[in-house]
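We just call them A, B, C, D and E in the order they show up, numbering each chain from 1.
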Amino acid sequence: MLEGNVVAVQCTSSALYRPFALYLLFVHLLRHKETSVDLILQTAVNSMVASSFFALMAVGLVLIFGVMGIVNFAHGELYMVGAYSVWFLYSANGWPFWLAVIGAFVIVTLIGLLMERTLFRPMRGNPLGGLINSIGVLFILQVLAVQLGGVGLMKTVIPPFPGSTTILNGVSISDQRIAALIVAIGLLVAMWLFLTRTRLGWALRAVSQDSEAAALQGININRISMLAMGLGAGTAGLAGALISPMTRVEPYMGHGVIITAFIVTIVGGIGSLSGAVLVAVLYGFFYTFVTTYVSGTVAMMLGLLIMLFVLIVKPNGLIGVRASE
Amino acid sequence: MPFRKIISIGVIYAALLALPFALKLHQQDFMIILVINVLIVVSYRLMTLTGEFSLIHVVLMGAGAYTSSLLAKTIGLSFWLSMPLGGVVAALLALLLSFPLFRMKGFYFLIGSFAVGEAIRLSWSYFDFFGGPKGVKLIPSPHLYIPGLGMQDIWQPIPYYYLVLTIVSLGLLVLYRLEHSRIGLTMNAIHWRDALAESVGVDTWRYRTMAFVIASFFAGIGGALLAHYIGTINPVMFDVTTMVYVLIWVIVGGTNTFYGPIIGVVLLSILNEMFREAEQLRPLVYGILLLAVMRFLPNGLDSLPGKIRDYRRRKLDSDSVDAAGNAPSQAASGSGQPSTNTIGPN
Amino acid sequence: MLLEIQDIQVHYNKVAALKGISLKVEEGDMITLIGSNGAGKSTTLRTISGLVHPSVGQIRFKGQRIDRLSPDKVLKLGIAHVPEGRRIFPGLTAIENLRLGAFIRKDKQAVERDLERVLDHFPRLRERAHQLASTMSGGEQQMLSIGRALMSKPKLLLLDEPSLGLAPVIVKHIKEIIGEVNREHGVAVVLVEQNAELALDLSRYGYVLETGSIAIEGEAKGLMGNEHVRRAYLGL
Amino acid sequence: MALLEIKNVTKNFGGLTALNDVSFQVEKGEIRGLIGPNGAGKSTLFKNIAGFYKPTRGRILHQGRDISHKKPSHIAELGVVRTFQETTLFQEMTVFENVLVGCHLSARSNVFSALLGLDHGRQKEAEDRTRQVLEFMGLMERQDQLALNLPLGSQRALALAVALAARPTLLLMDEPFAGMNAEETGHMMSLTRRVRDSGVTIVLVEHDMRAVMGLCGYLTVLNFGSLLAQGTPDEVRQNPQVIEAYLGSS
Amino acid sequence: MGITRRDILKAAATGAVLSGVGLPKWALGAKRKTLKIGLCAPLTGEVSAWGLPGLYGCELWADNVNAAGGVKLGGKHYDIEIVSYDNEYLPDKALQGYKKLVAEEGVKMVMMLGGDTWPGVQRWANHAKMLTTTLLPSDLSPDTPYLLAPCEVHPIYNVTGVDWLSRKFPQAKTVAMCAQNDSLGIPSVATYEAAFEVAKIKMVDLNIFDPTTTDFAPIVTSLLAKKPDVLCLDTAYADFVNLISVQAKNQGYKGKIISCTCDNYPAIISKTSKQFMDGFIFQFPDFDDPKLNQKFINFHNPNKFYKDYIERRPGTWTAVSWEYPSILDLWKYGAEIADSPEPMSVLKALKSKPTAPHAFGTAEWWGKDLWGVDNALVGNWPVVAINAEGKARIQEFGSIPKWWDKHSKVLIKHMRARKQMWDQRA
């Protein structure tokens, strides 16, 4: 038994130096057999949390792209601002946690609205300009975070729910993660209801499908753009707020998140909200399992290659439904 | 070439040749990096001639740097061979990548190139062969036989500056000639109307690939020049942050002219040095500058002369002619339809 | 006078698309604009609905100037535009499309009533109410597009090429629907059509457009046999 | 052998049939009119011939050679060149440069010869050709203007010049008369005739019936993606099906 | 809490610089002559946590020394001025900065973090014969005659913690370890492998993760799946230690944890519990620890230094806050022996004896077997553990040379296996 473990250990470490990651994944799944039930279950639980955050980030990106045609590179920084807001309000100024989360949502939504009004609206019809502007925002928000919190160590956000719940023997999940998971899923459901059950939601979808025809229905495109940007930014902020007790709250935390969000968005089909959510779930599991069994670098590399593959297969856009000529 | 142009280029080069002696030691290093970056942005612009923006240019620069460094270190190849080979490998990599990437256009190309680039870059930090996250250290500097002095190790800033200046000038000359040849004209044509170009027999795939491959060759050369000067490279040097800076240089400078990106990189690099005192606030300056340029000069700094000319002309026009009946109409609907170049959609 | 257009000019970039067009629509009226491709028919409609603004000239609706208003403001005043190519929202269901037509209206109960009326009017739409619009046939999409416009309870309906790409049987049906809308709902209609026979048969008055100007106008019945019309269409 | 043969071409987009089993031939030296109401499939057929679309079924032969699955640039190389609906030009380039790009095929050069100036001969050849075409189209005095600053008539002439520079044997013209006034139309008609007289076969999609009837010896009429009628202008004009398709019947 | 008045003042001052008003950086002319010491380290960006707190510490050190009359060399009194350059942790910027400090500012020593930023500087540093220090002894090689690692001999001191653990808790039989894949993590892995082998503790899992990792749940899951007695965090970054510990607690881990660092551990305790963190072993003492007042400690007045620092720069204390100042202590010692500030004289004076005063007691110049050159100062190193009150306290000062004398072969074996020997790194 121990002997087998040692082999596995050596294999894990040397895995870094071998090229065939998928093959290794397979080998590792076999090697970890003795603890596999617990490990797989725990990893699945971890995956669910990852998935819900990927989904929150991706949905925001899709909304913004769908309605305004702009790739928001600053999306990761909006997420960062969400986390910083919680740190500032809850940890530094003693607000109740949930109030701080709401505060973060409001702050980031306002930033989003400001971005739409001053930066993205003048760039309508100029996607590259929008992209560049979002990079400008990215720099500014990072600096503001440094100014607010200083550099050095990450900001500590003490989890309001310090306990953890054992689901099964050896499989546990922290209460903080459960709470975040519930809120994230709740928000996604609320958003889905909003988009499919309300007039404003239809209007938003209508604009993303055909903005001129939407204008002809009396839908004010500017207002819908603000709605999309506010909502998209708000969800990113909320994701950051919820994850703040569980991750590194520092000015550059948005960097890794945005790459993942892009992968999810592209693979899910860039105009499709349901596609984004579905892929977020799948990718959350994929990413977490590969990270657990092989390595995070390999997981990211494979993710990027999957994205590339999807782009190659459907090179001119993965927009789900568009009017045919 | 008009006489005035020749004179001004002559003056610029005279200044560039004399410059290192007027500079402090660390500023000489700054100049070397800046001159290399000029090659990077100008070669990037060749890509944009065909209308495509990529996010892989810096990774291909890294490919050149890694190739040249590893060849020089592991098999002791001379700089004079490894450096061009760095360019060749970057170009070959681009050729290989053109097959998947040029199935895409516009935004999808941008994101696709980012995905491949990042995957390549991660592989450098993953595989031991490339030195892992630490990268490659102790990269030898070039040696050159100088009559009268014998074999010289070129690693001090002033000689290396002249080396870089020579190679980059050659690169710029090639890129300039290319742009002003029929090939450059055709690339530009593809940018404006790729379907029309295709309809008169232009193989747009071939030209896009050509632009990509040549641009990558020079990016690889730039990377090799950097590697052999600094003596060490690592994957972080070629990450998306660096790419974003290149993008900013090019776009702030403007892609409409050959000199636009050069203005961008020179101006912003100097500003960056000036604001070094601002420490943590430095990126803020960048951010605000970026937004300001996009707001007031969305086509980059190089569109400024044209804007001024336009403004003057309009002023003249409105002074002499009653333009009341000719106010340009605006298709300013509330709709988000981008400025397609359609004429009369009936 | 419901709608009055006075000598409008429209330029795209620097090219003139409309070179001075004037026309009038009475309350409950039905007029048609006919002419070949590029004559400026669609541009005229787009200018009325505020998608494009004229560089010269005025548009008045019930006496109020509307040539600088945005599309949503124009719609609020009572002008609905059924654009060329239907332009329904493919990812929404038929019923969601229809409800969006009433986006500007606040009178919820009346909207529900009107929705029922439209669905009564177009039984095919009732059958497909919860189907994605992209899965509907061309004729159904055209009905949906007209139905959607009616949901805003317009005084004036701008119809752009409703027969385009539809099979003759469907065209006939659409024609009937347009007639009914005009008669039963009392909605004035400006119809842009390639199919001159259809258009002139339905309308009271017609304008023939050529390269951005009105070549000839007159009572529809009179235009039907007009040489000018035949020439514009068949080069006689 | 006909210059262009369309053999049973069908094109589907998803469930929609844009072209349904269309067959006809164009002889060398003709100006063939391709007409039909909006949405009849004329542009789709053009795009299929020029290689921008691939037919779902059927074949397209040019000078006996199957071109139905070739790339647009290759088809252009074989002598089939199209112009575009509306005015499609390299807007920000000069008139001269526009035509020079059109000469792409007659004087191609590779990177090295372009850099080293080895293609001087070919370069000169292309420039000569450009001047020749500009002369032919009466655009010589406008050669240094930007394309976007030209009046509509000259823009259309330039579009034709760009296409001609590629030395086509078959020219596909997509609505060259749209939006033109009578004078401009007349000028464009004479230009088109001159092009035909220089040995280029022309297929013309056009709504302006005066131009079509005036230029074309033979017409092909499409409706709902199918071939509706063929014949001389007079025959077509009298054809009740055509009249119905255009003026409608109710 | 978050923003202090000082920060606002600083922001305002920076704003003034930005707006072109310009404030002289060193506002008032000093009466005494000034000696400049350079700090070329990352002060912005993601690695700035390894540079900026060091700058704060050095400024405090300089103020203390200057207030006490400065340094007296060759009969003259000098004030010390710290000149910093932000190298952004990029090789090219490091080279520019190094040259600026040496050639233009005329500094007498350059302190660096090392790592990625050293190799580019190496050649020029040798050329200029400049005394340079690094915190990463893996930069040392026979080609670096003027480079010293006078404070930290990372990762060799980690053996002291493992040694203490194995004596205190003989029941510990298995360990699972995780490490980030970079120039800090990998040599440390080799050291821990050697230390655990010597201590007869079996390594049952080793997870090497990417430094960009943000979610540690999967890593901790795979570690805990092996049910280890000890969890070893290797030389993880402070933030990683925080997140991994919190994850370990959430996933129900109850055993021992050993780590190289545990900066800002009160934050971890606040996120877990005192109970969970009780007995957490690491290698960096709090500087308010009374054990640092012992005779053999050479760091000048550590408790007061810590108190002053916390007051000046609240919330920024990390290991580098005292490490760079301790290098300055050593430099001052060397300069006073040499009676000259000249870099080569100071270096010669320092290396003239086989031992020198290290922060934690007299230590010897050492390193030939690992780095090919005896330029690292190695002696005692503290083993620190968190107690039941949630306070980190020094447990003992372990002797690195003593361990090495017995087990050098094991360490070299593992270092070689991980390709960390100097001859393998070139």
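Heads up, the rule we're going with is that contacts are C-beta pairs under 8 Å (C-beta built on N, C-alpha and C of every residue); 3 or more make two chains touch, one makes a residue touch a chain.
Computed from a predicted structure; not experimentally measured.
Engineer: Using only Cα atoms to place each chain's centre, name the chain farthest from chain C.
Structural biologist: E
Engineer: With chain centres defined as mean CA positions, report which chain is farthest from chain D.
Structural biologist: The chain lying farthest from chain D is E.
Engineer: So the centre of each chain is just the mean of its C-alpha atoms; given that, what is the distance between chain B and chain C in Å?
Structural biologist: Using C-alpha averages as centres, the distance is 51 Å.
Engineer: Quick check: how many Å separate the C-alpha centres of chain B and chain D?
Structural biologist: From the centre of chain B to the centre of chain D is 39 Å.
Engineer: In angstrom, rounded to a whole number, how far apart do the mean CA points of chain A and chain E lie?
Structural biologist: 35
Engineer: Centre to centre, by mean C-alpha position, how many angstrom separate chain C and chain D?
Structural biologist: Chain centres of chain C and chain D, defined by C-alpha means, are spaced 33 Å apart.
Engineer: So which stretches of chain C touch two or more other chains?
Structural biologist: 13-15, 17, 37-39, 51, 70-72
Engineer: Which positions in chain D touch two or more other chains at once?
Structural biologist: 178-179, in rising order.
Engineer: Of all residues in chain B, which are in touch with two or more distinct other chains?
Structural biologist: In chain B, the residues touching two or more other chains are 125, 128, 280-283, 333-335, 341-344.
Engineer: Show me the residue ranges of chain C that touch chain A in the complex, using the header's touch definition.
Structural biologist: Per the stated touch rule, the residues are 49, 51, 70-72, 75-76, 80-81, 83, 85-92, 96, 99-101, 103-104, 132, 134, 148, 152.
Engineer: Within their complex, state which residues of chain E touch chain B.
Structural biologist: Interface residues on chain E, with respect to chain B: 11, 14-15, 17-18, 25, 43-44, 86, 89-92, 95-97, 99-100, 103-104, 115-116, 119-120, 122-123, 143, 181-183, 186, 210-211, 419, 425-426.
Engineer: Name, in rising order, each residue of chain D that touches chain C in their complex.
Structural biologist: Chain D reaches chain C through residues 37-39, 148-149, 152, 175, 178-181, 207-214, 224, 233, 237, 242-243, 246-250.
Engineer: Per the contact definition, I'd like the list of chain A residues that touch chain B in the complex.
Structural biologist: Chain A residues touching chain B: 16-17, 19, 67-69, 71, 119, 122-129, 131-133, 135-140, 142-144, 146-147, 151, 207, 211-212, 214-215, 220-222, 225, 259, 262-263, 266, 295, 297-298, 300-301, 304-305, 307-308, 311-312, 315-317.
Engineer: Can you name the residues of chain E that touch chain A in the complex?
Structural biologist: 1-3, 7, 11, 44-46, 48-49, 52-53, 181, 202-210, 212-215, 217-219, 221-222, 225-226, 238-239, 242-243, 246, 249-252, 263-264, 267, 270-273, 315-316, 318
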